[in-house]
Each structure stands twice: as C-alpha cells, then as structure tokens.
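The data blocks that follow each hold one structure.
In the two assemblies presented below, subunit A is common to both, partnered first by subunit B and then by subunit C.
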Partner chain A sequence: MSPLLDRPPFGPRDDEALRREMAALTHFHRRACPPYAELTKGLGKPRRLEDVPFVHVGLFKQMELRSEHASVRHQRVLKSSATTSGTSSRIPLDDESSRRQARSVVAILSDFIGAEPRPLLVLDDPRSLRDGGELPARVAAALSLKAMASDLRFVLPPARPVRWDAVKAALEKSGDVLVYGLTGILWAGWAAAAIPADVRGRLAKARVTFVHSGGWKTLEAPPVTRAAFEAALLAGTGKGSQVLDYYGLVEQVGIVYPLCRADARHVPVWADVIVRDPLTLEPRRGQEGQLQLMNPLPLGAPYHSVLTEDVGVRLPDGCPCGRAGRRFQLRGRIPQAEIRGCANG
Partner chain B sequence: MNENREKLRSLLTDVLLLGDGEFRFDLKRTDVDAWDSLAVVSIAVGVEETFQYHMSAEEAAAVQGVADLMKILEGQAIRF
Partner chain C sequence: MRTAERPRLHYFRNAAGVTAVALPFALDTLVKDWTRVQRAMVRERPAEFRRDEWAYLMSSLTRERLRAPFTEAFGEAMATLPKGAAVGALARPRGTIAVWLPASVSLLGPLVSAMLLMTGSRLRLKGSARATDLTSTFLDFVRGKAPRGSALARALRQNVAHEVFDRDDTRNAAWAAAADMRVLFGSEEAARGVERLPHPTGSIASYFVDRRSEAWLHPDELTDANLRDVIRAFAIRGQAACTSPSRLVLIGAKDRDAVAVRDRMVALWSSAAPGDPAPHAASANVLASQWARANGWRAALAPRNAAVLAAGRYDLPFKPAALMLPVVAAREAQALAGLPANAQTLGVASNPRRLRRWLEIAASSKALRIVPIREMHRFGSIWDGRRFWADAFQIVEVRA
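Now for the complex of A and B:
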C-alpha cells in the first residue's frame, strides 16, 4: 500500500516520496512486464518525476500490457468506451491495486462531497455489469463510488427512461442520495427529463449530490453550458444539493481530478500531472500542453505513468477554494486525437 | 427446470463467468474464483432486474452460495 495514501489528499505534497514510489514501481513493472521493459530499455532510474517513463494511452488499445508476479492476482479487464476507430483500451485489474484504487477515489471525493454513506443511484444499464469478464470504464467509474454508498441501484434500462420508481424508493429510505452518470447521460436522462410529480416532491426535500465525469461532446448540439447543466440538475432539489464534475481516465483508474468552484482540477498528493510540449514532449511550465498523469497505485499492468491525448495547463499551487497542492485546468484534446467522449473540459 | 430456476441459472452463469455445465444449484461462493466483490454487486443488480427485488447491501454481502440467494428470493414469494 502506498504510504502517501495515508495522507490528506490535498495537504502538503512530498514529491520526493512520490518520486521514490514511482521509481520503485517502474522497476517492478520492468521486471514483471517484458514488453514494458523493452519499451523503456535504456532509460535510467528516474531522478525527477519528469523522468518517470510514460506509456502513451494509445498503446493500451493496441496491446494488453500485463505485469505478472506472484503478488499480483489479476481479476477482470477494464475496457474504455469505443473510439472513432472502434478500438478500446484494455486495462487488467488486480486485487491489491483495486483495493488501493477504491481507497484513493473515496479519499479524493470525500474531500468534495463528504464521506457519509448514502444510497447511490447509477444512471446506467444494469446489464453493463455482465460483459463476459470485461468491465466498461463508465461502470467502473460508477462502482468506484460504491465504498461511499449505503445502497446501490442501476436505474437506467437500455433505451428507456430512468426508473423513477427506483429513484423514489431510494428517496423514501434516505433524504440524502448520490447520483452518478456520464455527463451526457446525466443530461439526457435526468436534467432534460420529465420527472414524475411524486418524485419531484421527494427531491425537493432531499440533499442530492450529482457526480459526473466524461466529456461534453454529446451536449454540443445545441450547446449546453456548465452553468445551465448544473442549474437544470439542481432545479427542484433540496438544500445542500450539489454537482461535482471530475476528470479521470480508464488508464489511470483510481485517480480522479475533481473540479472545484474556482474552476481548477485538484491533484491528490499520491498523483502528479506533468504538462509536455506536444511536439518535443519536453516538460513545460506555465504553458498549455499535453498531459502526462502518474500515480503509484497499479501493480497489475504498467499504467502508473501515461501520456494522455488531453491538453491542459498547470495552475499555481494554492487555490481560492482553500485546497493546497497541485491543480490544473483541462483545455481540450490534442488535434486529431480520437473522440472518445471525454476530457474536453 | 421452471422459469425462475432458468432465470437464476442464466444470471449467475453470466455474472460468475461459468462455462457450459459448470453451474450447480449447490454452488458456494468459495467454489468460484470470480465470485468476488464485483460479482456480489452484479448479482444484486441482476436480481433486481430479473426478479424485481432490491437486495440491501447487507443481504447481498451475506450470500454465501446459490442456496442462500434462492432462500432470500423465496422469502419474496418467488418460487423455484
């Protein structure tokens, strides 16, 4: 277990401790995953976080990298949503990493929405859980909230409206609920839906926390602003209701970057974000560039440091929202990157 | 096999990644590698979809085999 996970997620950073963990994990994956060893051949021990070798996220679409070791017990395969080329990333999950990743997500999100368990309503198809040993990334994102849930319901059957009867049943048990969906699904299935009057009555008295992730591509025609999106979700909900947007990648499962009220995405102390020049891949400071994400959690495959197709900029440490530590803004995707329905800020 | 037995067999075969002929009504959680925490959630969600009964988190976690699941459903007047 990474000792950094014992720290407050947005407290003082210890980047030397993170570098040591990343160097040790890089060494582990070089021994446990021969293709990764080949890819990183000739690269020395990372002396700075910027030196930690990265794997381009596209590689996970072309091959299934997997680290084999006596301490690693592989489970299912996590699969990203289909891209314009029709290919998906495939990330092998394992027991120990899953435990670390669940703990990480709970610690990060609790800082934004509180830790008290409450019923979780997932706007997704219940059959997504039965995909022959593969787990779609959006379902994994929903299940990462499970540790914060006292109860769980998948409430969006395929090609049908939200099961408002199930929503009402959850609201009858608790006046404090979590609702998770991909951004586009939450808009179409909830914000723009006709909610039955009896459910509206319950929602008006409830504290509803909407959590969403994924891009806004499906909300571009006609365009929906973030303010309109949040206003539509919160309309008619009770006191203390809120909306939380986070950025995350299937290739960095376990790390989410929530958006604060100051329009910044926050990086927990056990992760880092490095901005690189898209042409030279040299680190850039204070400028927009291609994002490299890293964390010391995964043992089952070398996805501990990945170069994304997303563009962003690091912001000065210290945020008006009160959180310390690293933060960044997401600005979009690199030109000609495949549209996968995520990460366009 | 009655209709509910077939529905349950189909659900658990899917969730537990069982091959043809591997399902038994006396299967226990310890018999199946894939009966992990994700399978517990998947079974609970699948039961609601298939039998319209919402299992609580405690009920789902307490299921140690197919027989336990059938007992819970029989308590909801679902006959096997």
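Now for the complex of A and C:
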C-alpha cells in the first residue's frame, strides 16, 4: 500500500516520496511486463516526476498490457466504453490495486462530499455488471463509490425511465442520498425528466449529492451549460444538496479529479499531472498542453503513468476553495482532424 | 460534350500514325486559361487546402503537365495537318463520365476534374458528405479565377457538375445509367456497388480501389537526396494514400543497415518535410512509436513528433499507423515475393542502369508502376495498369 495514501489527499505534497514510489513501480512493471520493458528500453531511473515514462492512453486499446508477478492476483478486465474508433481500452485489475484504488477514490471524494455513508442511487442498469470477465468502465465508476454507500441501487433500466419507485424507497430510508450517473445520462434520465409528484415531495426535504463524470460531449447538441445542468438537478432538492463533477479515466482507475467551486481540478498527493507540449513532449509551465497523469496505485499493468489525449493547463498551487496542492483546468480533447488521403471508400 | 458546337480538330503523330482529336475547345486556349488560374494559385490558397497540397495541385497544372496526356496517348502535337497526310483514326470525347470520389479529404477530386476536363467529356463528380469537400472548393476557385467568357469558364459551366450525396442516394443509379464511363476511387465494396448498378451496354468502367506502394533502395542508392525523396513522398499523406510508400525496403541490405537508415532519415526529416504536425497527429505518432517498440520494432520519432520511423525485420508484423514508416532490409527475391497482393507503385531511385531490371520485375511482379520515388504521387495518363486518360476517348477509324 502506498504510504502516501495515509495522508490527507489535498494536504502538503511530498513529491520526492511520490517520485520514489513511481520509480519503484516503473522498475516493477519493467520486470513484470515485457512489452513495457521494450517500450521503455534505454530510459534511466526517473530523477524527477517529469522523467517517469508514460504509456500513451491509446496503447491500451491496441494491445493488452499486463504485469505478471507472484504478488499480483489478477481479477477482471476493466473495459472503457467504445470510442469513435470503435475500440475499448482493456485494463487488467488485480486484488491489491483494487483495494488501493477504492481507498483512493473514497479519500478524494470524501473531501468534497463528506464521508458519511448514505444510500447510493446509480443511474445505470445492474445487467451491465454481467459482461463475462469484463467490467464496463461506467459500472466501475459507480462501484468505486460503493465504499461511501450504506445501500446501493441501480435505478435506470435500459431504454426506460428512472425507477422512481426505487428512488422514493431510498428517500424514505434516508434524507441524505448520493446519486451517480454519467453526465449525459444524469441529464437525460433525471434533470430533464418528469419526476413524479410524490418523489418530488421527498426530494424537497432531502440532501441530494449528485456525482457525475464522463464529460459533456453528449450535451453539445443542443448545448447544455454547466450552470443549467446543475440548476436543473438541484431544482426542488433540499438544503445542502450539491453537484460534483469529476474527471477520471479508465486508464487511471482509482484517481478522480473533482471540480471545485473555483473551477479547478484537484490532484491528490498520491498523484500528479504534468502538462506536455504535444510536439516535443517537454513539460510546460503555465501553458496549455497534453496531460500526463500518474499515480503509484496499479500493480496489474503499467497504467501508473499515462499520456492522455486530453488538454489542460496547470494552475498555481493554492486554490480559493481552500485546498492546498496541485490543481489544473481541463480544457478538452486534442482536436481531431479528418483523414486526408485516398485509401478508403 | 455539347454536340451543338462544332468540334475543333487537333492532330498528333506517333509511330502508329496521325490521330485527329476532336475537342469542344481549342486545346492551346484551354491550356492558357489553366496557366492563368495557376498563376492566381501562387497568390491565393483556400484555407481548406494545406500548403503542400496546394503546391502539388499547382505543379499539376503547368502547360507541360496538362499537355502530357495528349502526347502520351496520341503522340507529338502537329501545328497543322500537312497536305495529303494520312490520318489513321479520330479520337472523340466518350460523352458523359461519372466519377465517384473517395470519402476522405482527397486531392483526387481536384486532380481528376482538371485532368478529365481536358478530354472534352461531360463530367459528373460525386463527392462525399463525410469529408471536407476539396473538389467544390477547387472548382469554385477555378471558376472565380478563369477569365470571364474564356474557354475554361465555358467548359466548367457546360461540362462539369459536382454533387455531394451518400451511397444510398438514388442519384447513384441515375448517374450510372447515364454514364458512358464510370470511374470510382474507393473500396472494393464501393466498386462492386457501382458495378451492380444498371449501366448502358458499351459503357466502360475504371475502378481504382485501395492499393499499397513501396519504396525500394539498394545500398549504393542510400544517398541523402534519395532518403529525402522517400521522406517527401511519405510525409504528404503517410499510409493514407495508395501512392505513398507503405514501407522502405533496403534491397540486399542487412537488418542493422535499416537502423542506420532510420537514424539518417530522422536527421534529414526537418529539411525534407518542414512544418509542424497537427497536435493530434503528433500524439498518434507517439502512440504508434510505443506500439512499435512494444512489438519488436526499433522505432524513433521524427523531430517534433512529425512521424515514426521504425526499423525491423522484414517479416515483423506491422500495425498500420498514419505516419509510421517501416524501414526493412530484404533480398530482392524476398521483397518481390513480399509485395502485397494489391501492390501499386514501386518507388525506386532514378538510375537508368537499373532500367532493364525494373522492366524484368514489371514483367513478372504484381507492381502496376515502377517510377522514381520523387514521382510516386505523380501520374501521367496510365493509372493502375491501364491507359485511363485515353479511355476517356472513343477511337473512330476514318479512311478517306
């Protein structure tokens, strides 16, 4: 278990300790994953966090990277939702890493929404769990909140409205509930839905914490602003209700980057974000660039340091929201361009 | 061709004799109009075109390039027909040519429209809604720059129609039914789809489907100039163009030579292909280089992540990535046997001493073109093994 996990997530940073853990983990994966050893061949021991080698996030779509070691007990494979390329990332999960990752998510989110257990309503379908040996990312995201839940209910059957009876039942048990969904699903299934009067009555007296992730792509046409999204969710809910948006990816399972009220994404002390120039891969300070994300949690595969296709900018440490440490703004994806050539029909 | 107008006769002579070519315009006049447009292209470039694409188009519209297909098909132009000279045949525009363009951002539309316009046939060009339409942009530019009332302006107005629709549109069938010649650039599946459409008996078809090309160099040809030619040929479209080298094969070299050539190409890259890649392309190249290294290739990124050059064994599996060029060594027999089934162009060093060997290889291999590397993207009147441009004419036997 990473000793950094014992610290408050947004307290003072010890980047030297993180570097040591990242260097040790890089060494471990070089020995345990031959393709990773090949692609990092010739690179020395990282002397700075910027030197920690990364795996491009797309490589997990193109091949299965897996670290085999006596200490690693593999479980299921975490699968991202198919992208425009039609392929999914496949991330092997293992017992120890899963424990670390669950602890990490709880620590990070607790700082934003409190740690007290409460009923968790997931806008998804439980049948998503039954996918052979694979775990869809959106279910994994929901299950990562399980440790914060006193009770877990999946309330959105496929192609049907939210099961408002189940929502009402949860609200009858507790006046304080967590609701999780992908951003687009939460909008369509809850914010834009006609909520039955009896449920509305319960919601008005409840503290509802909406947690969402997955980005705004599905809300681009017609565009839905963050303010409109949050206002629609919070309309008619009780005092203390809130909406929390976090950024995370399958290839960095266990680390989420919640958006604070000062519009910044916060990085826990056991993770780091480096912004790189896409053309030179040199680190950039104060400028927009491609995001490299790292954390010392995963043993099952070398996804401890990944170069994403997301674009962002590091913000100065110290946030008006009161949290210390590293923070950044997510600006979107690297813009894609059309194929130019003749080799398709 | 508008039959209402009296065709102009132009005469060409080759070893087979004199051919009269009937066109609905004076060839010299049309060529002059094109060169005026070309001059305007020097000053102005629509934003949809990249600089290298625009330069390539400009170089395709010189007087020499525009006249070359006539010379290749019919011989040297004759200013007049000498008294008493025998004419063996008359070539006349085939009629209506329907062209299905690829569903990618492609220069084929602009190139084909300019090239086929010179045949005097009526053109119907089908674009795709799935990609930025360079053909419309180019035709609008030419319409705007062609002198008012000129032969080119008239030819564009009367003989060129460009429409964008998808593969389920009823216009596909209507165009096939009315075309004297069907031309398609795209996949085998798309070609089969067009071929299945009812079409007139006696009409002809040219389908240009996905193909792969290679560049071959011998150890004595590994000069900086030749390696720069490979870089330029590859950099413009990478693996996305059938005329790009999909790999560089070092004939008669060793695997370790491939690594040395890779390093030389990395060093030469910026001088041969200046300019920055788009960020998404740079990122895709980082990904491709990692895939390659993880799978046994000795891959290196070109400066500013502009491409991936990967040295490896000839038979090492390769996953195509847009801007990744494998560099491999092979014996000639191995390279010949390893040409893909859909081989198109073999780019070679310009070396007249090897001409006979290239002829032997052309006679026995699947390659459809063997040309200097710097000419890999440059087509004359022969496309994919057929006299495509000449097919746009009907040949009429005429004896007095």
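Heads up, the rule we're going with is that the second predicted complex is superposed on the first by the 336 of 345 C-alpha atoms of A that agree within 3 Å, B and C clash if a C-alpha of one lies under 4 Å from a C-alpha of the other, contacts with A are read in each partner's own complex, and residues count from 1 in each chain.
In this text, a residue touches a chain if its C-beta (ideal position, glycine included) is under 8 Å from a C-beta of that chain, and two chains touch if they have at least 3 such contacts.
Please read all numbers here as calculations on a predicted model, not as lab measurements.
K.L.:
Using the superposition on chain A described above, determine whether A:V55 touches subunit B (first), subunit C (second), both, or neither.
P.N.:
In the superposed model, A:V55 contacts subunit C only, not subunit B.
K.L.:
If you stack the two complexes on chain A, which partner ends up touching A:L307: first (subunit B), second (subunit C), both, or neither?
P.N.:
A:L307 contacts subunit C only, not subunit B.
K.L.:
According to the stated criteria, A:K41 is in contact with first (subunit B), second (subunit C), both, or neither; which is it?
P.N.:
Only subunit C is touched by A:K41; subunit B is not.
K.L.:
Applying the document's definition of touch, where does A:V275 land relative to subunit B and subunit C: first, second, both, or neither?
P.N.:
Touch status of A:V275: no partner.
K.L.:
Please work out whether A:L156 is in contact with subunit B alone, subunit C alone, both, or neither, and reply first, second, both or neither.
P.N.:
neither
K.L.:
For A:P335, decide between first (touching subunit B), second (touching subunit C), both and neither.
P.N.:
Touch status of A:P335: second partner only.
K.L.:
Spot which of subunit B and subunit C makes contact with more residues of subunit A, would you?
P.N.:
C
K.L.:
Using the superposition on chain A described above, determine whether A:R127 touches subunit B (first), subunit C (second), both, or neither.
P.N.:
Touch status of A:R127: first partner only.
K.L.:
Show me the residue ranges of subunit A that touch subunit C in the complex, using the header's touch definition.
P.N.:
Subunit A reaches subunit C through residues 35-36, 38-39, 41, 55-56, 58-59, 62-63, 65, 278-281, 290, 307, 309, 334-345.
K.L.:
Mind listing the subunit C positions that touch subunit A in their complex?
P.N.:
Per the stated touch rule, the residues are 50, 53, 102-106, 108, 131-132, 185-191, 209-211, 237-244, 276-284, 286-287, 290-291, 293-296, 304-305, 319, 322.
K.L.:
Where on subunit B does subunit A make contact in their complex?
P.N.:
11, 14-15, 17, 34, 36, 38, 41-42, 44-46, 48-49, 54, 56-57
K.L.:
Touching subunit B in the complex: which residues of subunit A?
P.N.:
Residues 75-76, 126-127, 129-130, 132-133, 135, 143, 146, 149-154, 157, 166, 169 of subunit A touch subunit B in their complex.
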